[in-house]
Amino acid sequence: MGEAFSLALALVFSGDADLLEIVLLSLRVSVTASVLACLFGLPLGALIAIGRFPGRNAVLILVNSLMGLPPVVVGLLVYLHLSRSGPLGFLGLLYTPTAMIIAQTILIAPIVAALSRQVLEDLHTEYADQFRSLCLTGTQTVQALLWDARFSLLTVGLAGFGRAVAEVGAVIIVGGNIDHLTRVMTTAIALETSKGELALALALGMILLVIALGVNAAVQSVRLTAMRQAYA
Amino acid sequence: MIARHIAAVAVALVAGGTAWAQDSILVQSTTSTANSGLYDYLLPIFQNETDIQVNVVAVGTGQAIRNAENCDGDVLLVHAKASEEKFVAAGFGTARTDLMYNDFVVVGPAADPAGVAGMNDIQGALAKISEAAAPFASRGDDSGTHKAEMRLWSSAGIDPTAASGEWYRETGSGMGATLNTGIGMGAYVMTDRATWISFNNKQDYVVAVEGDPDMFNQYGVIPVSPAKCPSVNADAAKIFADWLVSGEGQAAIAAYKVSGQQLFFPNAPEN
Amino acid sequence: MPDAMAMTLPFDVGADSPAILPLTVRDLVLRFGEATVLDGLSLDLGPTGCTIVLGPNGSGKSLLLKLLHGLLQPTSGRIAWGNHAPSEITARQALVFQKPVLLRRSVAANIDFVLKARGRDPSARRTLLEHVGLAHKANQPARLLSGGEAQRLALARALATEPEVLFLDEPTASLDPASVLAIEKIVGDARARGVRIIFVTHDVSQARRMADDVVFLHGGRVAEHSPATDFFPEPRSAAARDYLDGKIVL
């Protein structure tokens, strides 16, 4: 543990180029996946939150269950589609960061949808009569709910990012853990563990934790500043 | 309306992902060659001369072959001769060439509960482990090492899977993970020597059984066939495979050492 | 507060639209499972003025407003605004709730939201905020307003929709006397400009100040509907008399 800690410090302060590359790719893949998951997940969450359509309950149960999707299963599904012998093989996306982004987006979009559904439904309960009195359209309602819940939804997005940046099962299958191309923090940790380099693996784990802390702290400070200005 | 915006942003974000470099190949490889650092040593030498970017996906031999059969690779580098020959016979590979060898060893705790330390007869050693019901951790993942291990059990006339979950424990994981697990529970583990030498979590483990000719471990290299897989970079794959079995490539393999020990012994046929 | 008479609000009540007044309600029944809230209620309201709806707790006053506004469907019975069902003309009415539902945004943004949703001139915001005395708080978070300010903002937002009918559901229930008077003044101004006011309250002195006519609900029906000048001196129904005397009416 102590060895891992000093190793982590040494890695960070030596400005190791490989480490920087891996860290940046991790951030790029998982941040992009989180943004994409929000693009798909938030409207879906809003639709389930305020929509009253046949099969709504079934969709709700499905989305809630998909929060528990094992990353390996997502990885396999994406692999089977992006493989050269799969239906999307012609795109040549397997073993690229794009494939990793796709897999993580699929993994966390249900999390964003399910959590945002709860947030938006609670807010809509408060707003529903007022909005109906104002004769808002569905689109206006969704936009207003998304905007007014933005600080809670930021936390939802962070939950998705946390899951994405921490998972290894999906990215190792569709990314292949290729050095200088698709190696991210988690697959590097898995590799070092399999080489018996436990201290190095743990050191990378500590750095990953610090990165996650940094992202959360940054978002939290933005959130607090914005809240102080806009909202009580 | 909203859906169109979402689609536009999504496409923009995903398109930011790096595409493949123009002249690059993907090697579907067994893990031992990658984990032991062989590629980190070989590839810069090769890329110095050719400008071909070589990317390596390191998985178990069984999975590497399946990936290559899905056309998700340009070159296959694994260690399970029978499966490799089947791969070529089915038309997935252009030709298989012996590349290099090393050997398998059985590692065990210093306490040596089955009393096999120093043996050079693998069948006898496996029989003693089985009789003593001493824990044995197997890959259990259809990898090259797993296939070799099953072949050795079979030649010893033992079906260890009958004791699966008792003294015979199949981890279903890679070599490194199986070593970590096996060492954690005091089990014997069969591993290729390259992985063992470069493995850094040995604790009190030592090589217990080695030196049986049956524990020979042959690696082969196969370019994936463009006839089966039109998407492969056949020219670059052939250049890489040819280089590996050339005098220069073979010399580079022989020159790679970890802690002063040579891990792989080149044995490509001369021509 | 600025003098409302000096203000010119962007009002054009009922312009070129088919009339939605008078209001006719016949045999209105509202049940939730076993519970009957309204039990054959009938009511006629004329085209102008401020109608105060009085009645004991649980007499269905708030639910009646939601039915008239088209937010709720009755179990049976008929509501006609002119020739229209309530849900057809919800947009020509506004409702101010007892507890104002404000967006988690600035005071100004709460008004802008409605102006934009209704496609109205955004410059109306300034006039509206001045009218309710909140111009100086335009950039503050709406959720930090006091109870009286919040309700004035809710009123300004309701007025921003340029309603022909304004429903008020106990808007001053938990406010201090100065805030109550400020709200009554805004409502009175709207009435003076021709907005039809339908105002639920428990505050009998407020009812005396505001009412042109009074509807007294009891037992799920209209127990009495009289001009204010008749109702307060001499209510006809026994329930209304007890209510005004401060007796418990169930």
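As written, the chain order gives the labels A, B and C, with residue 1 at the start of each chain.
Assume a contact is a pair of C-beta atoms (placed from the backbone, for glycine too) under 8 Å apart; a residue touches a chain by one contact, two chains touch by 3 or more.
No experiment lies behind these values; they were computed from the predicted model shown.
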item	value
Taking each chain's C-alpha mean as its centre, the one farthest from chain B	C
Chain closest to the assembly centre - both centres taken as Cα means	A
Where chain A and chain B are represented by their mean Cα positions, the distance between them in whole Å	32
Separation of mean Cα positions, chain C and chain A [Å, integer]	47
Centroid distance [mean C-alpha coordinates] between chain C and chain B, Å	78
Chain A residues within the chain C interface of the complex	126-127, 129-130, 132-136, 140, 144, 147-148, 230-232
Chain C - residues contacting chain A, complex	66, 69, 71, 90-91, 93-95, 97, 101, 103-106, 113-114, 117-118, 141, 143-144, 161
In the complex, chain B residues that touch chain A	1-3, 6, 9-10, 13-20, 26, 31, 35, 40, 55-58, 67, 69-72, 174-177, 179-180, 198-202, 229, 231
Chain A - residues contacting chain B, complex	32, 35-36, 39-40, 43, 83-86, 89-90, 92-99, 101-102, 139, 176-179, 181, 191, 193-198
